[in-house]
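My structure is below; once you've seen it, I'll send some questions.
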Amino acid sequence: MVIVMDVNAGEAEVNAVKDKLTGFGFQSYLIKGVKRIVIGAVGDRKSLKVLNLETLPGVKEVISIMKPFKLVSREVHESNTCIDVKGSVFGESEPVLIAGPCAVESREQIQAAAYHAAGAGASILRGGAYKPRTSPYSFQGLEEKGLEYMAEAAEQNGLAAVTEVMDEHSLEIALNYVDMLQIGTRNMQNFKLLKAVGRCGKPVLLKRGLSATVEEWLMSAEYILSEGNPDVVLCERGIRSFEKYTRNTLDLSAVPLVKELSHLPVIVDPSHGTGKRELVSPMSMAAIAAGADGLIIEMHPEPMEALSDGPQSLYPEEMYTLAGKIEELSRVINGKLSPAVV
Amino acid sequence: MVIVMDVNAGEAEVNAVKDKLTGFGFQSYLIKGVKRIVIGAVGDRKSLKVLNLETLPGVKEVISIMKPFKLVSREVHESNTCIDVKGSVFGESEPVLIAGPCAVESREQIQAAAYHAAGAGASILRGGAYKPRTSPYSFQGLEEKGLEYMAEAAEQNGLAAVTEVMDEHSLEIALNYVDMLQIGTRNMQNFKLLKAVGRCGKPVLLKRGLSATVEEWLMSAEYILSEGNPDVVLCERGIRSFEKYTRNTLDLSAVPLVKELSHLPVIVDPSHGTGKRELVSPMSMAAIAAGADGLIIEMHPEPMEALSDGPQSLYPEEMYTLAGKIEELSRVINGKLSPAVV
Amino acid sequence: MVIVMDVNAGEAEVNAVKDKLTGFGFQSYLIKGVKRIVIGAVGDRKSLKVLNLETLPGVKEVISIMKPFKLVSREVHESNTCIDVKGSVFGESEPVLIAGPCAVESREQIQAAAYHAAGAGASILRGGAYKPRTSPYSFQGLEEKGLEYMAEAAEQNGLAAVTEVMDEHSLEIALNYVDMLQIGTRNMQNFKLLKAVGRCGKPVLLKRGLSATVEEWLMSAEYILSEGNPDVVLCERGIRSFEKYTRNTLDLSAVPLVKELSHLPVIVDPSHGTGKRELVSPMSMAAIAAGADGLIIEMHPEPMEALSDGPQSLYPEEMYTLAGKIEELSRVINGKLSPAVV
Amino acid sequence: MVIVMDVNAGEAEVNAVKDKLTGFGFQSYLIKGVKRIVIGAVGDRKSLKVLNLETLPGVKEVISIMKPFKLVSREVHESNTCIDVKGSVFGESEPVLIAGPCAVESREQIQAAAYHAAGAGASILRGGAYKPRTSPYSFQGLEEKGLEYMAEAAEQNGLAAVTEVMDEHSLEIALNYVDMLQIGTRNMQNFKLLKAVGRCGKPVLLKRGLSATVEEWLMSAEYILSEGNPDVVLCERGIRSFEKYTRNTLDLSAVPLVKELSHLPVIVDPSHGTGKRELVSPMSMAAIAAGADGLIIEMHPEPMEALSDGPQSLYPEEMYTLAGKIEELSRVINGKLSPAVV
C-alpha cells in the first residue's frame, strides 16, 4: 500500500499516518520527493479494511497494490479450477455448450428446444422460469411449472439444466429441479443472493454485471467462494457502452484477462452480448478463439413466436451449423493453437 | 409504432406483418419509400409486449413511439406528486434535506450524527444497517441493532429516518423502525424487491442504477407504483463513466429531464455522486439550482474514524455551512428564480 | 513513482530496476511485502518519459504519483488565472456570458443574433464559420464570408467574438476577425492545432473532448501553455455516456474539480451538453451554482429556421429571461454563497 | 422518416409539418393514434439535411429510417470492396498482417523491426513518424527522417509501409514515402484531414475514434469516399469504457457488424485495443475468428527499450508464433469455417 501525502502535509500529519500503520501491525517506509512525501506500507491485508487512512488529515490518496480478491485469485490457486456439471466439465480443453430459449414458455416449447440442443451437441439446457424484466408489464416467467417442464425436457434428452434464480425463494425451488444456478447480470451485486448460492452446494454461473469492472465481477465470485462454494463459472455477457447498433458491447478481452487473474473457468454469452442473431455465430467463434471455456447461446424452436429475445435467438438449424464449426475450431485451438498459453 | 421492413422484403412478408397487427386489433398504414416499405401501426399499448414483430421475416426494425412507462408518466398525471414523510414534503417548493452517516456504527455515533443533522436543518436521518459492500471482507452493517439505534436517535432529535433494504428479510425488519425505505443503486433492477416495497405501505427512495438509463430508472419506479405504492422519490446518485478522478459522474441533467417525463419528485446524492468531500458542497448547490426537490448527504460526526465512505462524508461544521447556503439559494430559486419553469 | 514488481520477480530483476533508476538520477527505496516487492522512486519528472520501466522484466505496474500536467497545475500557480477578452474577464467573480447561433448563416441572421445577445447581457458573440459536421452532406459553414459578417455584427453591438478553428488554415483567417479562438470537442487532441493556437497570441476556448478524462483535457491545455500562450479558458460541454434521452451527459462536477486541479477558468456549454432547449436554462443555473466562470449558450433569432442545432437553441426571449436569472443567482453566489470556497 | 407530434399538437401544427414536407417534395401520411399523431414521410434523402423539422412547433421527435451513410453502405454496393496495397489485398479470404513498432526510433530499430515483420509473414510495415501524444513532453516522432528510414527498411524487406498522418503538412510529406496512410483515432473526426486524404490517391487506414459509434465511424469513411477515394480500410482499435485493467475495450462485434452495414474491409488492432502484451495473441485469434480482414500489431525488436507502447508490443519471437497460428486458423476459418457467412 502506498500513501500519498498532500503537498502541504507537515510532520505531525505524516507521523499520525505512521502511528496508525504501526498500531495495526504495518511496517512503513518514508519516501521524500521534491514536492511530496509518500509512505510505503506493508502488512496484513485483512487489516486494510479498517485502517481508513484516506480520512486522516494530510492524506491525499491511498493506492492499494494488492488486488482485493483472494480466494478467486490465481496467485492463491495457480492451476485451473475444473467444474463438473453432470459430466460436462468447465475448464478443460473441450468447450461446454449451453443452449436453449430465453424463457420456458410451454412444455412443448422446452421439449423441442431440448431436443435440438442435444442434437446440436450441447450438454446443458438453459431456460428461464423466473425472468427479471425491465417492464412490470412483460412476461415474467412460468415459475415452478416452468422448472418442472425444463427438468423433464432435460432428462429426456440427456442434458443437465441451468436456470436463473432471482431471490432466496426462487433459489430454494430451483434447487429441486436444476444442476446449475445462474446469477443474472442485474443481480451480480445482490450480495444476499450471492451468499445464499454460496451455501447451496451446486455450481453457479455468475454473469458479469452490465457495467461491472472485471475486479467487481471477481469480488462477487469471491462472495460465493467465501461462503464455501468453490464451483463458480464466470460468464461474460456484454457491457453497457454508448454504441446503439448492438444491445451491449461484448468484451471478449475479459476472457484472457480473467484467466490471467483467476483460476475460475469463464464462458461467453454472445446472444445477450450482441442482441442480434446475425452476430451470434461470428462472436461465438471469436469467443472460443479467445480461449473461452464454453458458450451459452439462446436458441428457440421458433424464434418468430418467442415471448422474449426472439431477435437474438438462433433457429435450430443455425445452432447445428454453429456447433459443428465450434467443434472444428476448438479442435484446432486446443491442438496446435492455444492462445491462452501464448 | 413504426415497423421498418427490410430492403428485400416482398409483398408476402409485408402482408404477414399487417395480418398480425390486424389480429391484435391494431390499425396499420403502409408507407412506400423509394428503397423501403415502412408500416405505421396504432393500437393498444398492452398488446405490444406479445406482438413480437421483430421476429417476423422481412422486419428490420420496430420503433416504438410511446414511452414504455405509464403510471409514472407526466402524460398520465400532469401535476407534481408531493410525498409526505413525517411532515417533510418532497415535491413542494422547499427542498428536503436528508443527512447522516453511510453506516450506523454505534449508538453514540448515530446519536451524534442525528444531533448535528437536526442542528443543520435536515429533517430526515440517513444511516445504513444492512450494507451492500463490494468486498465480502468489508464491514456489513449492524443490522437490526443498527436500526434500533437509528430509530432512537431520530426520535430524540425530531427527525424521520430512511434506511436501505437489501431483500425481503431486511425490508420486514426495517418497516418496524424507519419512515422511508431506500432501494440502493445495486438493487434498482432487483424486481422482486421492487414489488415487495410496492406493497409495503411506506414511501420509497429509489436510487438510480449505476449505469441505468433514465428510462430504465422510471420503469423501476413503475414496478413500485404498479403494486399500489404511489410514494416514490427518485434519487440521482451518479452514473458510471470513464472518468477516474471522481467516483461516479453526477448526472444533474437527469433532474430537469425526470421532471419533464414524470410527476415524481427527484433528489440528488452528491456524496456518492462525486466520492470527494470537496465536491459535495458545490454539487449540492448545483443540484438545487437545477431544480432538485432535496438532497441526501453523507455527514459523519468524525469522518476520520468512519468505517465506510469517510473521504466523501462532510464534517458537521461543513454541513451547517452548506445547509445555510442551500436555504438561501432555495429562497432565491423558488422566489424569482425558478429554473424548472423556464 | 511506485514500481510494483511481479510476484515471481527475483533479485536480478529488482536490481535492474534500481540500476536504471539510479542511472537517470532517481533515488529508490525498497519495500518488501509478504508477497511482493515494491520500489519507491524520487527524481526529476522530466526523466519519467524516457524511463520506460514498464518494459523491464519483472515489473508488473508503474504507478505515477505526480499529476502529468505542470503549467496548468494549481500546485505550480496557486491563484486563479484571469483572462481578459476585450474587457470581459474570465476567472473573476462575475460570470461571462457568450451567446449566439451554432453557425453564421447570413448577414441578417448574425446581426439579429448579436443584437439579442447584447440585449440580454452577453459580452461575447459566438458563431461558427467552419463547421465540423458528422456528415459530409451537412451544411459546412460560410467560411471567411461568415467571419466577416460576424465581426461586423459583433462590432456594431459592442461584443467580442469567438469562433471555432479547425486547422491552421482556418486559424490564420480567423485571427483577422475574432478575439478568441475555440478548439472544438473533436479537435481537443489535434495536437498540431493545439500547438498552433499556442503560438497565435489570442485567448483560446478549449472544449473538453467527447470522452476525454479531466486529465487528458488538462494535458491538452498544457500543450497550449507550453507553446507560450497562457490564456486558456476551459469549457465543459458534455461527455458521451449510454443515456439516450440527452445528446450528451453534462459533467458539472468537472467545474469544481478543474478549479481544484488547475488555476485556469472554466465555463460550461449547456446547449451541446444536453441537446435539448428545455434543459438549457436549469443546467445554466446549475453551472453557475457549481462555480463556473461563465456560460456559452446557443441562441438563434429563429430556432425554427436554424440550419443546425435548432432543437437546442434558445429563442431570444428565453435568453433574456435566463440572463436575468443568472445575474441574480450570480450576485447571491458571489456574495454570501461561494461554493468553490466551501 | 417518421415525425412524432407532441401530445398537445393541434391541426395547425400538423398542417405546418405537412406543408413543409410537401414543399420539399416529400409525400406524407398521417397516422392518428389514441394519444398522438405520427407523420410518415417519403422523399429524397438529400433534402433531409435542410428540412429541420425538429424545430417546428408541435414536433416532438424526428426518427430517421434511412441510415445516414450512402457510398459506404452495403445497400448501395453489395459485394465486398477489395483494396490492394502493393500486392496485399484487404477484403479477400487471406487476412493481411501489418506489423511494426509504435514509433520509428532509429534507422537500426526500424530495420530490425522490418526484418522480423517480414520474417513472421507480415506484408506491411507500420511505424509512426508523426506521433500524437497526450503529453507535450513525450517523444513526438522523428518526422520526415523517420519516414526515410521506414521506406528504406520496408523496401529492403519487400514490405509495403503505412504511417499515420496528423495534418495536411505531414500528409504531403508521407505521400512521398509510404503506400497507405493512417488516420488515427484522435483524428477520426478531423474532417479537413479526412477530405485531404480523400483526394490523395492512396489507400487509407481509418481507425475508429475512441468513443465513436459505428455510425459515426462509417460517416467518417463516407467523407473520404465522397472526395473520390474508394480505398478505405476500417480499423477497430478499442473503445473507451469504464474498465481499468485494460487500456481500451476491444469491440470485436464491430467486425461482423461493419461487414453487414458496409462493403469496406475491416481489420483489428489488438495492441491498442487491449494495451497489454499478454492479451494481444488471444485477441488476434478472436479477431480473425470474428471475420476480420487483417490485423495491425505492434512489435518491437526490443520492447524493453521502446520509447512508446513498450508494454503492449510483442517480442519478435511472439510475433513469429502468433503469425503461424493466425495462418493456420485462417485456413480453417476460410475453408469450412466462415463465420461471416453463417
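Lettered A, B, C and D in written order, each chain numbered from 1.
By definition in this document, a contact is a pair of C-beta atoms (placed from the backbone, for glycine too) under 8 Å apart; a residue touches a chain by one contact, two chains touch by 3 or more.
Please read these numbers as outputs of a predicted model, since none were measured by experiment.
Any chain touching chain A that also touches chain C appears here: B, D. If each chain is reduced to the centroid of its CA atoms, chain A and chain B end up 27 Å from each other.
In whole angstrom, the spacing between the mean C-alpha positions of chain B and chain C is 30.
Shown for chain D are the residues that touch two or more other chains, namely 211, 240-242, 244.
Chain contacts in this assembly form a complete graph, since each chain touches every other chain. Note for the complex: chain C touches chain D at residues 46, 49-50, 52, 54-57, 68, 132-139, 166-170, 186-187, 189-193, 195, 210-211, 216, 219, 222-223, 226, 240, 303-307, 310-311. The touching residues of chain C, when paired with chain B in their complex, are 211, 213-215, 239, 241-246, 249-253, 255-257, 260-261, 273-274, 276, 278-279, 281-291, 318, 321-322, 325, 328-329, 332-333, 336-337, 339-340, 342.
Across the interface of their complex, chain C is touched by residues 2, 4, 7, 29, 31-36, 38, 40-42, 63, 65-66, 75, 240-242, 244 of chain A.
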